[in-house]
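These notes open a run of structures that come right after.
Both of the next two complexes hold subunit A, though its partner changes from subunit B to subunit C.
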Partner chain A sequence: MKARRLSAPTLLLLPAVIVLAAVVVVPLILSFYSSFTPFRLTRPETFFTFIGLRNYQRILSDWNFWVAFGRTVLLLTVALNLEMLLGLGLALLVEKATRGQRVLRTIMMFPMMFSPILVGFQFKFMFNDNIGLVNNALQSLGLTERAIPWLIDGKLAFAAISIAEIWSSTSIFAILILAGLLAMPKEPVEAARVDGCTPWQTFRYVTLPFVMPFAYIAMTIRSLDVARAYDIVKIMTDGGPAGRTELLWTLIARTAYSDARMGQANAMAYFSILLSIVFTVYFFRKLAAARTQIGAEW
Partner chain B sequence: MATVSLKKLTKRYGTMEIVHGIDLDVGDREFIALVGPSGCGKSTTLRMIAGLEEISGGTIEIGERVVNDLPPRSRNISMVFQSYALYPHMTVRENLGFSLKIAGVAKEETDRRVAEASAILGLDALLERRPSQLSGGQRQRVAMGRAIVRDPDVFLFDEPLSNLDAKLRTQMRTEIKKLHAKVKSTVIYVTHDQVEAMTLADRIVIMREGYIEQVGTPDEVFKRPATRFVAGFIGSPPMNLHEATVADGRLVFSGGGSLPLPGRFKATVSAGDKVVFGLRPDDLYPVGHGLQSGDAADVHELELPVTVTEPLGNETLVFSEFDGRDWVSRMLNPKPLKAGDRVAMSFDLSQAHLFSAETGKSLRT
Partner chain C sequence: MDANASARLKRRIATVAHRVGLFLAMLVICLPGLWIVLSSLRPTVEIMAKPPVWIPQQVSFDAYVAMFSGVGKGGIPVLDYFRNSLIISITSTVIAIAIGMAGGYAFARHRFRGKSAMFLGLMLTRTVPGIALSLPLFFVYAKLDIIDTHFGLILAYVALNVPFTIWLIDGFFRQVPKDLAEAAQIDGCTRWQAFWQVEFPLAGPGIASSGIFAFLTSWNEFALASQLTRSINSKTLPVGLLDYTAEFTIDWRGMCALAVVMIVPALLLTFIVQKHLVGGLTSGAVKG
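Presenting the complex of A and B:
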């Protein structure tokens, strides 16, 4: 009897399939499965107890989870919108520069070159209430008497985290929007000027619709980024004090590693992936609409 | 509607001067064509009139008002760009109505004027489409429509037909002519196609390297070119232009061949003068195959060998050799000819031009 042999294409693809399965598919399935178990890292045997949707029920009725969820959505909204506005402004300024544009473009990208961990440490230092740069400056200028508890008050800490996020990622928007501005044909702008537009109207009705698709690309990329925002928050406040800056991922990490409740953490993680998907789909929709609008060929 | 007047208009980029102090007066409702070879400064001049390009010197007046420092939106002009420059994110209807919307014109009035323009240009079926869904010719018509809804003082066109194929170009040329008859406004039309200029314009301005060579009606620039450059630029196929020296009442060409000095120039040139002799292909033809325009005494005949023929159906362009060069002639009621045939050619010298070899200026008085 002839032994069955695999065809050449199958054989050639096999290593890639095996590697992918080992590093992506298997962990994915295992983690998804574990979200239906009371799995605790300290008690491995719990991995085999199936409890159905109980983890999901528990987190969905947990107020703390919803607060973290809401705060994450808020951070996404605030950070993305401000980043877009600032990025747009930066891009417009850089595009206006007649000299040294290359240097400016490079400088603009500096924040992207730092690890988020470093950014976190830097801002943690700057916002420190005793030795921080910000309080020092405010006090020297006589703007405040007392030290402001930047990283301790919940609202201020949220603002501080947003500022760090925005500082580190505005350049993504700026670069993409600048690319849009540079790719933009000059004639419609000139036509608008002849058609009677003030500079503001030209921007509002001609330039902005043209660069919006580029902003949406940046939004899509960033929405994934912020939705998994962990590093900066971890360093700056670690979700504290007392959970006042808890975001989804700090909560999940705490549940998984400090409390060792891996099953429940995985349930949270799978639920929050929904959030990312919703944001991404939303921006893709916007992008597609904006693209057809400007009749883009790409 | 308004006049446009350029006085000593100059444009410099850095130290490089591109337009050298040109003067031009465009009458109310006049159709002016700016022609010239690529890079001669036509677009630059037009863009200065539009206000899209800063003026380095001189003044521009539109309707007796100096507009040097006015932004484009305050000049009440419309411009049609070579690349159409439609707003890609707006439908045809929105493109047409955009300038009115900006000007704060009421909705009903906007709709009425858009409908009017769309009817004139046959855009009714396309109003809801976006520019990316239109063909080149359709985009061209939208660009034109966008210009006319504004009812501006002056229309500026920058080579609006150069992206179209030959057939569509001819068709749109006629459309523009009709349009001008209908909307009756001042038009400044840039083109490098002299046929477009000849067919459309009331007057033609021929530019060269930032200077104006001649301003005149199509008939004037064709029949009485002021310079050798204009003579060579206007007319298709171009005028035969060859250098010669005056001697003994004859024009002697460099190869030794000669022609009688046309009577009209006897008083203006003297022996030893270096000149450029010019004769249009229409005034050089195989005997009996042309239209003699002047006195028969001025027609000079020579037998010449044919080098190339280009049949065009109703006529044939015949290239024949005289004094070692090709001379192009137009044969009406063509008969078959082939290279190498010897043909008797008529030189209608009453229509000949002479230019100074040194300055290029016409020697006609």
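Presenting the complex of A and C:
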């Protein structure tokens, strides 16, 4: 009798599993299949033509795809590292503040509330070459004569996108690292100081290891939705000008919906999914390692 | 004496540097938002002016009035988008929280085989980029004929939110001591009663804040919504924002006004939950 009944955790997790299977797993299996077909939305019958790995061959030999792929990895690397550093700096600044910490913390959370699409839009507005805040300020201060074409020049546009991305996500790092700093026991720091450590050594060997798990939580959360950068890029440049800020995600959207080549877009999508999974698993393992390290020391 | 003076000077410089750094950081954080609010209140002529007008000469709420006075005058049906956004976000949040509570409780209170693998697996479903997921969903929804319906988006958002709510709620249930529920059971409660009378009220604030987090995710989502919605039947605010860019020119003032309308609810909600949110995410950090 008892053996036939489902165990409690199974029963409790069942709804979550069902929903995720229906909305994520099954469609993904379907899209995995269709990445082996020349499927086009306009011609449904192509869904049943099997062409093996030809889609993958085509995108792997496509230079544009690799450029977009490389650019995506570059953006993630630059953005995540800078967000981590700036977040750490911001958290240390706020932790040092003696008064008004509550207000500061609230202000710090400000960018988190902005939807990525709003972030993209507001930075598009600010970096606009004609009426943008940035150019207006630079010109009023006499730093530059001509308007700088922020979103038109490829390199500048990449920088502008990175800035938008960093602005929107640094606060996640700052807040979680600040939580770590506040939760940290004071004795080890004092002990280190008594033992004659310089402030830098105290920070490097006592504070930082304690704060790292919190940073990895932030990293894990970020890697769960790095692809939200799609919204920002879509609004700011939409991959343009002439594909010079094309990321993997905008390329997928263009191939699927503008060119209607679903099969090929699905093949690309699998690369982007793989990329996200690699990021997430990497930080998950870092998180586990950092946790055990702390557990051993305190 | 001399050493004293120089040490004092050094400390004062450090304090000033800290203040300045803090001020600059906060300025960078606040400025984009403030600029949008300001721009939504200025006439278009002033936004476009060359050389720039820094101090607003006239302030008006025209953009907001135009936006809410319907399709004819404001250009885009903001009210419809607003209603869609509310319906979709609230419904998907409620469902995601119910599912997340069951799942989070299972992770916090039960031991079972493959627990961490299961947790990682749930998280991995969340890593699928929205745009990559939208391709097969678009296809499936087209077959089921639920594109451009509330139901379709709600279903997608529930799936999007469940992994994260499970993570958060797991954290909140862990903060409630196990002994409390056990004591209640010894006193004659059933497990079900012990949950609702003891554990649920204690984890309640945390659960509420994960609900708000889920709400914000749905409220702000764009990649899926932009492909799965077509018309005023189901278009949400983030998709509606694009209506202002439909032509070659962009109505910056209108867009700024709509941005403010989107951000105000998010701002209020985040303000309410900030404390619990950090607690839930980090509760497992030190004592894994």
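We adopt the following convention: the second predicted complex is superposed on the first by the 268 of 298 C-alpha atoms of A that agree within 3 Å, B and C clash if a C-alpha of one lies under 4 Å from a C-alpha of the other, contacts with A are read in each partner's own complex, and residues count from 1 in each chain.
Everything that follows uses one rule, which is that a contact is a pair of C-beta atoms (placed from the backbone, for glycine too) under 8 Å apart; a residue touches a chain by one contact, two chains touch by 3 or more.
Only a predicted model underlies this, so the values are computations on that prediction, with no experimental measurement involved.
Trainee: Report clash or fit for the pair subunit B and subunit C bound to subunit A in the combined superposed model.
Mentor: They fit side by side.
Trainee: Return first, second, both or neither, reflecting whether A:Ser276 touches subunit B, subunit C, both chains, or no partner chain.
Mentor: second
Trainee: Touch check for A:Trp249: first (subunit B), second (subunit C), both, or neither?
Mentor: So A:Trp249 only meets subunit C here.
Trainee: Once both structures are overlaid, what angle do subunit B and subunit C make about subunit A, taking C-alpha centres and a multiple of 10 degrees?
Mentor: In the superposed model, the angle at subunit A is 80 degrees.
Trainee: Scan A:Pro111 for contacts with subunit B and subunit C and give back first, second, both or neither.
Mentor: A:Pro111: touches subunit C, not subunit B.
Trainee: Check the residue A:Ala192 against both partner chains and state whether it touches subunit B (first), subunit C (second), both, or neither.
Mentor: First partner only.
Trainee: Where does A:Leu20 make contact in the superposed view: on subunit B (first), on subunit C (second), on both, or on neither?
Mentor: second
Trainee: Compare subunit B and subunit C by how many residues of subunit A each one touches, and report the one with more.
Mentor: Larger number of subunit A residues touched: C.
Trainee: Touch test for A:Asn266: subunit B only (first), subunit C only (second), both, or neither?
Mentor: After superposition on chain A, A:Asn266 lies in contact with subunit C alone.
Trainee: Between subunit B (first) and subunit C (second), which, if any, makes contact with A:Ile131: first, second, both or neither?
Mentor: second
Trainee: Check whether A:Ala289 is in contact with subunit B, with subunit C, with both or with neither, and answer first, second, both or neither.
Mentor: Neither subunit B nor subunit C is touched by A:Ala289.
Trainee: Of all C-alpha distances between subunit B and subunit C after superposition, which is the least, in Å?
Mentor: Here the least C-alpha separation of subunit B and subunit C stands at 8 Å.
Trainee: Which subunit A residues contact subunit B in one complex and subunit C in the other?
Mentor: On subunit A, the residues that contact subunit B in one structure and subunit C in the other are 294-295.
Trainee: Under the definition above, what is the set of subunit C residues touching subunit A in their complex?
Mentor: 18, 21-22, 25-26, 28-33, 35-36, 39, 47-48, 50-52, 54, 98-100, 102-103, 105-106, 110, 112, 118, 120, 122-133, 135-137, 139-140, 155-156, 158-159, 162-164, 166, 216, 219-223, 227, 238, 241, 252, 255-256, 259, 262-263, 266-267, 270-271, 274, 278-279, 281-282, 285-288
Trainee: Can you check the complex and tell me which residues of subunit A touch subunit C?
Mentor: Going by the criterion above, the answer is residues 7-10, 12-13, 15-16, 19-20, 22-28, 30-31, 34, 41, 89-90, 93-94, 96-97, 104-118, 121-123, 125-126, 130-131, 133, 136, 139-140, 167, 171, 175-176, 179-180, 183, 213-214, 217, 220-221, 223-228, 230-231, 234, 249, 252-253, 256-257, 262, 265-266, 269-270, 272-273, 276-277, 279-281, 284, 288, 291-292, 294-295, 298.
Trainee: Using the touch definition up top, name the residues of subunit A that touch subunit B in the complex.
Mentor: Going by the criterion above, the answer is residues 185, 187-188, 190-198, 201, 205-206, 209-210, 293-297.
Trainee: Across the complex, what residues on subunit B touch subunit A?
Mentor: These residues of subunit B touch subunit A: 50-52, 71-73, 77-79, 81, 83-89, 98-99, 102-103, 130-133, 146, 150.
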